[in-house]
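Following this message is one structure expressed as structure tokens.
Chain nomenclature is as follows: A, B, C, D and E, assigned in order of appearance, with residue numbering initiated at 1 for each chain independently.
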Amino acid sequence: MILGRVVGNVVSTMKKKELDKYKLFLIESLHPKLGKNREVFVALDLVGAGIGDCVLVVKGSQAQHVFQEKTPADAAIVGIVDTVNTIDPKIF
Amino acid sequence: MILGRVVGNVVSTMKKKELDKYKLFLIESLHPKLGKNREVFVALDLVGAGIGDCVLVVKGSQAQHVFQEKTPADAAIVGIVDTVNTIDPKIF
Amino acid sequence: MILGRVVGNVVSTMKKKELDKYKLFLIESLHPKLGKNREVFVALDLVGAGIGDCVLVVKGSQAQHVFQEKTPADAAIVGIVDTVNTIDPKIF
Amino acid sequence: MILGRVVGNVVSTMKKKELDKYKLFLIESLHPKLGKNREVFVALDLVGAGIGDCVLVVKGSQAQHVFQEKTPADAAIVGIVDTVNTIDPKIF
Amino acid sequence: MILGRVVGNVVSTMKKKELDKYKLFLIESLHPKLGKNREVFVALDLVGAGIGDCVLVVKGSQAQHVFQEKTPADAAIVGIVDTVNTIDPKIF
């Protein structure tokens, strides 16, 4: 999974109906070393995250396991992160 | 999902028949920080997008959920984006 | 899907038998901006492409939809490209 | 699969319940040449790994094969590495 | 698929039992242009490859088609390469 921060949201009225009941959050991946090349993508929210939250995101077909029906989405927020403990502060 | 812009289309007469009924749009991913290394790929259109539109694209096997039959395509446009709201204008 | 050019072929006598009936083409992804970092990979040909052709390639598990049986291949040529129209010539 | 080192752990109380019974380890991919751009991601532990261990990680939908039930996770530790033997020390 | 070279092997006694019957080979992707950023990963051997061999590797869930049972592996060697013919020697 990817650690990321919710940095915004996307509004799309003309979209596949299966996406209607989810918030479309803009996520910036948290990778200190990648600096300006951090990945920016859109994920559906499944745990009630909010703007600014540090989150855990599952990507690809494994994201399907959080949806009740077949959903055309390849990224889903599956956790809100409380703390990240690392042996090397330079990593995070 | 990826945010991208429809920047063109691809014409291919000799292709797998399952692709015939779809427009093949050329998408450039919208990632301000990646600058010139932005990803360019081809996606099938499922929502009536047009050239210049900012769109939401699902990639990989999760794209299969928008097709009625087994379709050899790994990217599909699933939404036309109205607005992107971010906490940091440098992100978008 | 990825736009690429057929730049060669690969000969492999000791390989999984499910691959025997396909040509193994070497593909260089067409991405003007990536310059020297273009991706080079191997795809099976399903549409009769030839060396030098510009082609449309599906990758990952969605490639399975073009094979009649379970095939250990993660990239398949699904179209020969006639033209690419873009709003910005610098993109292609 | 990816070779990585367990460099920390992630604490997330608000998460999908299917993740509750697993440790969420922070993994830094071991790729000497990528230097500072090494990938950092989160994987579930299936073999009793610990902080500092060199581990073998499976990613994507193939990770599902280690879980008893449908689990929204796209990376799992499937081995603790004893030794890596290479023909060229510069590789590892 | 990816062209790579077998550059070593990985020893892991504490691992998922489904992996026990396979050699864990260390593969360096053959991509002349990527220079030092070449990808290094671990693949299971299905065709009797050896150290130094140039090999064809399938990645992701399509790798599952070479295994008899559900196997937590996302990369498998599916061919030993005899020759690579290209129209432009700088590519390979």
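Here is the rule we go by: contacts are C-beta pairs under 8 Å (C-beta built on N, C-alpha and C of every residue); 3 or more make two chains touch, one makes a residue touch a chain.
Source: prediction; values computed, not measured.
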Fill in the blank from the handout: Turning chain C onto chain D by a C-alpha fit takes a rotation, in degrees to the nearest 5, of 145
Completion exercise
chain A and chain D have mean C-alpha positions lying a whole-number Å distance apart equal to 19
Practice task
Could you give the separation in Å between the centres of chain A and chain C, each centre being the mean of its C-alpha atoms?
Solution key: 30
Exercise for the section: For chain A, write out the residues touching at least two other chains, lowest number first. Expected result: 37, 60-61, 63
Exercise for the section: For this assembly, give the contact graph shape among line, ring, star, complete and other. Expected result: ring
Problem - Neighbour-by-neighbour ring order, given that chain A leads and chain D comes next - result: A, D, E, C, B
Handout entry: Residue ranges of chain A touching chain B (in the complex, touch as defined)
Key = 7-16, 18-19, 24, 26, 28, 36-43, 51-52, 60-61, 63-64, 70-75
Exercise for the section: Within their complex, state which residues of chain C touch chain B. Expected result: 1-3, 31-34, 37, 46-48, 56, 58-63, 65-66, 76, 78-88, 91-92
